[in-house]
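The first chain written gets the first letter, and so on, giving A, B, C, D, E, F, G and H; residue counts start at 1 in each chain.
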Amino acid sequence: MNPSRLRHLLQAVKTGGLSVTEAECQLRDLPFEDIGVALVDHHRELRQGFPEVLFGEGKSAEQLISIMTAMAAKGGDILVTRVAGEKAAVLTQAFASGDYDPLGRTFVVRQQAPEPRWKGTVLVVCAGTSDLPVAREASVTARVFGNRVEELTDVGVAGLHRLFSRSGMLSQAAVIIVVAGMEGALPSVIGGLVPVPVIAVPTSVGYGAAFNGLAALLGMLNSCASGVTVVNIDNGFGAACAATRINRTGGETQ
Amino acid sequence: MNPSRLRHLLQAVKTGGLSVTEAECQLRDLPFEDIGVALVDHHRELRQGFPEVLFGEGKSAEQLISIMTAMAAKGGDILVTRVAGEKAAVLTQAFASGDYDPLGRTFVVRQQAPEPRWKGTVLVVCAGTSDLPVAREASVTARVFGNRVEELTDVGVAGLHRLFSRSGMLSQAAVIIVVAGMEGALPSVIGGLVPVPVIAVPTSVGYGAAFNGLAALLGMLNSCASGVTVVNIDNGFGAACAATRINRTGGETQ
Amino acid sequence: MNPSRLRHLLQAVKTGGLSVTEAECQLRDLPFEDIGVALVDHHRELRQGFPEVLFGEGKSAEQLISIMTAMAAKGGDILVTRVAGEKAAVLTQAFASGDYDPLGRTFVVRQQAPEPRWKGTVLVVCAGTSDLPVAREASVTARVFGNRVEELTDVGVAGLHRLFSRSGMLSQAAVIIVVAGMEGALPSVIGGLVPVPVIAVPTSVGYGAAFNGLAALLGMLNSCASGVTVVNIDNGFGAACAATRINRTGGETQ
Amino acid sequence: MNPSRLRHLLQAVKTGGLSVTEAECQLRDLPFEDIGVALVDHHRELRQGFPEVLFGEGKSAEQLISIMTAMAAKGGDILVTRVAGEKAAVLTQAFASGDYDPLGRTFVVRQQAPEPRWKGTVLVVCAGTSDLPVAREASVTARVFGNRVEELTDVGVAGLHRLFSRSGMLSQAAVIIVVAGMEGALPSVIGGLVPVPVIAVPTSVGYGAAFNGLAALLGMLNSCASGVTVVNIDNGFGAACAATRINRTGGETQ
Amino acid sequence: MNPSRLRHLLQAVKTGGLSVTEAECQLRDLPFEDIGVALVDHHRELRQGFPEVLFGEGKSAEQLISIMTAMAAKGGDILVTRVAGEKAAVLTQAFASGDYDPLGRTFVVRQQAPEPRWKGTVLVVCAGTSDLPVAREASVTARVFGNRVEELTDVGVAGLHRLFSRSGMLSQAAVIIVVAGMEGALPSVIGGLVPVPVIAVPTSVGYGAAFNGLAALLGMLNSCASGVTVVNIDNGFGAACAATRINRTGGETQ
Amino acid sequence: MNPSRLRHLLQAVKTGGLSVTEAECQLRDLPFEDIGVALVDHHRELRQGFPEVLFGEGKSAEQLISIMTAMAAKGGDILVTRVAGEKAAVLTQAFASGDYDPLGRTFVVRQQAPEPRWKGTVLVVCAGTSDLPVAREASVTARVFGNRVEELTDVGVAGLHRLFSRSGMLSQAAVIIVVAGMEGALPSVIGGLVPVPVIAVPTSVGYGAAFNGLAALLGMLNSCASGVTVVNIDNGFGAACAATRINRTGGETQ
Amino acid sequence: MNPSRLRHLLQAVKTGGLSVTEAECQLRDLPFEDIGVALVDHHRELRQGFPEVLFGEGKSAEQLISIMTAMAAKGGDILVTRVAGEKAAVLTQAFASGDYDPLGRTFVVRQQAPEPRWKGTVLVVCAGTSDLPVAREASVTARVFGNRVEELTDVGVAGLHRLFSRSGMLSQAAVIIVVAGMEGALPSVIGGLVPVPVIAVPTSVGYGAAFNGLAALLGMLNSCASGVTVVNIDNGFGAACAATRINRTGGETQ
Amino acid sequence: MNPSRLRHLLQAVKTGGLSVTEAECQLRDLPFEDIGVALVDHHRELRQGFPEVLFGEGKSAEQLISIMTAMAAKGGDILVTRVAGEKAAVLTQAFASGDYDPLGRTFVVRQQAPEPRWKGTVLVVCAGTSDLPVAREASVTARVFGNRVEELTDVGVAGLHRLFSRSGMLSQAAVIIVVAGMEGALPSVIGGLVPVPVIAVPTSVGYGAAFNGLAALLGMLNSCASGVTVVNIDNGFGAACAATRINRTGGETQ
């Protein structure tokens, strides 16, 4: 609702081209539409062909199914995160076409063709096997959000030759999500190797002074590789959202 | 050094097209060159026409000048961060063309034409006036790294109408850096309004239970707006590096 | 026991109007009565027609029933907080007229007409659906303490248009309780919009760096909206008590 | 801007009673005015005859004077908090009518008659002499915000007879601000004695395991007296704001 | 092994009254006996007629029984702390004379007459009913260690009249153990009322910002009543040990 | 004011032996006197011939002198703690008879004969030379509170032979104050050697992960020697108060 | 791949002694081999005759068996750590020759003669019986890594005579691992007695302010005995790895 | 004092070869000598030709000089750590032969030939230039303790090619001290490359969420390279002590 559009509307009222009632309708929602303009754009952009997302933890299978049924009716894809195995079994009965990933604990119902929307590739790198669930949540989420996704696993800093042998993957990615627990050092190493955006995800993997991911979180925030950014502990979903925001910058596939 | 290049080199040795000594030279550095390939690319990319960066805190004016003189000889731009006022006075005497920003505590010596290299605009948003030094460090850094930069200040969450009145700036940015202290809530609000990458910078502004930026840091890590990423407390420089990594994704200006 | 009352008593002893034994009785409890005067007033005020309150956690259904039976005999209302579902089932068998709220985990037995005592309205605002149990504990408690209560839910800061669309409710409340987890930013936004007392309740909703509500707690304590006050994490009950103390300031309904 | 007002405006445009340009002006700001309606109300309410407030820490005397001069021109009162002694000397030269409180570090310039606006009395209670600066900041602030203020000092929990001897003051207050460092126990004792709102202010007084006010803060958040609310460490200003929000509930003086 | 005893031994060797071998035996253990002299004294003193103590947590009923059987053979009393209900049932079958306290989770087997050994009385004061298990562990332990013990419960700081009504008990105790959770303020109040040693025991009672007893611990360490000492969170046993060390100072009963 | 005393008073009123006015006077203060009975006792007991105590930190030399002059007029001793060297110089000019201890930063003005009041000896043990200031504060305080005091220094756990060589001092003390920084292990060792009360004082000595005394504090709270109690970090004064409470249990010197 | 080896290879290519394909093979892996040279050495050294190590926590018995079966095929020993009792039962059925230690929760399958490889002895010292599981994990690991291992248990600092009576074991060890919970003071005492390397392992034994091993960890990091090093809480495995790194320095058995 | 020595002493008493008084003298100190046997050995071993060590922080130049003068009289070397520049100037005047290292803040007075005593080399690796002071403290200390020392600086994980280019130094060291601030990742990388003992030293380098070295400390404790051990933050001296303990295991130079 820029000034010129407002002027047109008012002139249409003056000239009778728009009734007072119609103008009232348009104007009544103006504040919210205006505030929401970016938001709505954003939503349209993020959600066009994308799944609705549901945080599965703390909701019963029954609650999930009733919400998902409503969502499904709109024709879009559905992503449920943090779904434990037993719940997934019930969801699978309700949504036979659903795809459950027991590692990442994600449940996806696709009702649209799953084609990458953005040009760039999101690379999800994982330090140790224990970090895999968080990495998988990130890669499943990124995929359903329209990104081409690759995975590179078990390349922790105590055996860097494994990472260096895959340097090609690193240099070809548009965005890199690095998932690591314990001391959380991998993002620093990768951030020092590549110029692309690096999103660090600390995991709660470890014990004792790992303090449920605090050690990894602090390590990543203090990365000596400039320009590494960080999301919450175990937040594979959030990292994928951030990667999508970034990947979108590079434009859509033709 | 992909397989075909290696084969060519060896065949050149076999056929005498390359002496053993020359081949030895090329191969001796191969491991590092190979490891470093992305890194070198990265450096070339980041540093082409960009300033060298120097962390000014804990170095004397004399130390800074001697390092800067060496840097200046290479012909590139120089950025020194965290330069207190007294040091800046000394630096200015040594580098008359240098530009000191007393708010952001940056000292920049430009030896190259300061034109934006990347297409997108980096918007630096600042919650309160006390957060300005960190915001300024971010915007100066982003500018010397080749980004078009805009600033939006004093739009804290306790008076959101100021933010909404500038929603145009928000929606036109390619990347948004949000600098906030105290409860650090602004990135959540902005992350909910726009689909572009949002980099949150907690500041040490506040007292008591602000715990030198911990409150803002935790708030930002727990943002309810998905896909907000976070850098270290007061790390305006790091946020600008991350923004540059992202802005680069959108391509160069023609 | 002001000076004049004391003098009357002593003169009654002197003149024989009061026996030494009677005077002794009156005076023996004097210290406590005097200390307790405000307290007793307070209790009388808070409890007149109000429920007795019982913290249900850590007590068995049998223990609760025996205490509640004693309470019920006094004719007042009874509020039990933190009652898990299984316990509630047992309580319901014992107190058929009891009202269990599975969301807020409250069990209320009313023996008095549930009419609002104070003029003002307590508005309970809730950031996300996961914060609802704490919000409901607050609203049930506030209601049984004689307040008119309204609820406004799911108006988190990542979608502020939902909050703004209900600005009428905000401006008509006498006291606002704001319940939020994660980064706990909602009280700052609301505190910036209205001049009435705002009580912030951090919840333990979130994971990782939410540290069981610490992030929200710190955020609220550092609110940039002046005059927001805070209660303990998940303490919906305490917020309702504080709201009642405040609402009482505005006077009783006629 | 309720529906009827909108309809009138549009009809005025239609009938020519309002030009398009004038209507455009009114409507262009509508979203913000609408969002801001409560805020503006709030500001009007809070600021009518009240001082503008300036946080003095981190600003030079010169900066303060230039902002204050601009403020003074509007004719309202001015409150500057956290003003160190040396700065105060400079301010006093610039504003001869200014009143500096060296204990509370407040500087007040009154340009309006300093009469209480709200009916109720705000009582500021202080545990120890070291807590006095924070208590004084609260009482000065509360007074310039239109409250009748009383002070009760040095009534720490290790000598409760001093508190009990002043129980009259406690029971006559409309709101009580309780300022305490070290273990922060005083709000619990007072909250158990009176039914009025109690705002607890932890101070950074203490050493060692006081952890700069953390001990007092945690103690107050866990108060066993229901309905005590808490503000940030050393935040006497915030407590006075909260007290004003509450005291306003009881209505204005005639 | 004081100087005179050493001289006698050596002279006995010289005069042949003691063989070299016998002297060697006595001297070989001398270092440990000497180091241990206080310790052994101490043990003798503490254990004369006192129970052996066993920490029950993390040991199976079978393990406990086998250790207790060995202990019982020595004829002394036995105290087992932290015994869950199911284990206690098994222990009771093995030691029919054993006395299980389900509240304090202690299991005591007395084989000696349970008479107080020390003159003074240990008073165990408890802030709230939830603190009772820790208080009971303290009082059972103190009793089996030879102390006369009294209990005073539910005298939290939010209702101090209950405490003041029992001031006699306070002033007659030789040592006072004060058990409190939440804000842990009770020891400050009691420490301000009496001149006797006050041992504060923080409990893990509370939720949210109680941080499992941290709030109470910090509060007690920062008590404004001088000379209050503190033991570990929930450490009723340790408080009783400290009380015994102190009560012993006052001498034995005749 | 026990029942019989009350009865006597009332009967004296009845019989005219006491005028109403006199009785009123006695009874008017009764509540506070009654509450305060233990307190007053306590104060009388603690203060008879003892110094008044003043916390010197944060008070100017002028403020101290004016308070001390008032105190001195009452004829008792005066103890000022935490007095920096420059302030001490000024105090010495004002109180020529004052005794400044530069190590413990205490300033004592004695107006009474400095004889021990209690029978037992307080032993102050100190782990390292850096802990001496806190130890000295404890020993000076204990001495002015009427205790016989001995000191044992530099007996840290990394060279235990120094401690064992003084085991006699340990076993003859009535109370032992153990002052230690860094890992704070000394109280455990001493608590294992002697049966007397052991008061542990953590100091802020150390760096890095000593976290200003937190490491020592936690170590002492978790002492494996049962019955060790702890006071705040660097609180030598508090330890001496606790020692006096305990030493008093053993009775006065004849 | 030192310069001379590289030169030989290239000359062999030139002279035809090595085909291009063969040279390519050797060179293609060169970067990794070169980077890995130390690593591979290290692995060879550590693994020659040593078990493969598997972290058992978070893996099902089935997963463990399938990995172990693959490992066993290589002929080496296998060590699985953190194996709960039920899993061990399943493993034992699959690997009849396996040796389960229920205390240390280790499962070892030996396929090689279990002879010590290094000359020195690793002594594992344990403060209390509750620390035994961690100590046992350390000693089992050290043994399967080729170390001669001795154990010394239950020598906590509250009864040091037990430690001193075994001073011979201390002085004969090449490396000492000290396992302790609670205040973690034992490493300081032992570090003060012996000149050999001391590795401190904090355990999560304790409750309350032990904060799951934090107290012991901080205590050990602040040890007043110079040169004590520390590993993560409960990390008996890591301590054994460190001890092996050190013991290797002393050379192999003949 | 082994059994045979004791037997000889007693027989000398018996045969009159030793007077009772002489024997008494020898035996009176026996316990301490015996306890101290390892310690004394240790000291002899560590101090033979080694400097006495003095912690310079918190001591005046005058105090240092008086202690050093006494030390110097014994003829050994002297090491003073943490000596600020101004103090060093004074020390240099007193000890003209002293060697001050302004980077490591060490002051060394050598009175013995500075030859390496142990065979192995201690390599001190340093992540960034800001970590140099701590690294230098470690290398100076290690050198004066008789170790051959090499330094490798500025090889942080964000540019690993610099580290790999020096892999030779890594593989030839007997012990490696790794000094790093910020995220503290370097020890993990080095621990993964070499089989020798790795001692990690976190530094307080960094800002914000580095929390004065906490981030680096936690990172190192959670290193994914097994067998890395850690010392206190900034404790270069302690790391050198630990390295000496280890290097000693490899034997002396011939």
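Just so we're on the same page, contacts are C-beta pairs under 8 Å (C-beta built on N, C-alpha and C of every residue); 3 or more make two chains touch, one makes a residue touch a chain.
Worth saying up front: this structure is predicted, and the values here are computed from it rather than measured.
Between the contact lists of chain C and chain G, the overlap consists of A, B, E, F. Homomeric contact chain F/chain G is classed as same-residue, with over half of its interface positions used by both copies.
Its C-alpha atoms fitted onto chain E, chain C is found rotated by 90°, rounded in steps of 5. Between chain B and chain F the centroid-to-centroid distance comes to 56 Å (mean Cα coordinates, whole Å).
Taking each chain's centre as the mean of its C-alpha atoms, chain B lies 61 Å from chain E. Rounded to a whole number, the gap between the C-alpha centres of chain G and chain H is 24 angstrom.
Annotation for chain H: residues 31-32, 34-35, 39, 159-160, 164, 192, 208-210, 214, 217, 221-222, 226, 232-233 touch two or more other chains. Inter-chain contacts occur between A-B, A-C, A-D, A-G, A-H, B-C, B-D, B-G, B-H, C-D, C-E, C-F, D-E, D-F, E-F, E-G, E-H, F-G, F-H, G-H. Taken in their complex, chain H has these residues touching chain E: 3, 6-7, 10-11, 13-14, 16, 20, 23-24, 27-28, 30-32, 34-35. On the chain E side of its complex with chain F, the touching residues are 34-35, 37-39, 41-42, 45-46, 120, 164, 167, 170-171, 174-175, 192-199, 217, 221-222, 226-233, 237-238, 240-251. Considering their complex, residues 130, 159-161, 164-165, 207-210 of chain F touch chain H.
Chain contact summary for the complex, chain E toward chain D: residues 127-128, 156-160, 182-185, 188-189, 191-193, 206, 208-211, 214-216, 218-226.
Chain D makes touch with chain B in their complex at residues 31-32, 35-36, 39, 58, 202, 204, 212-214, 217, 232-235.
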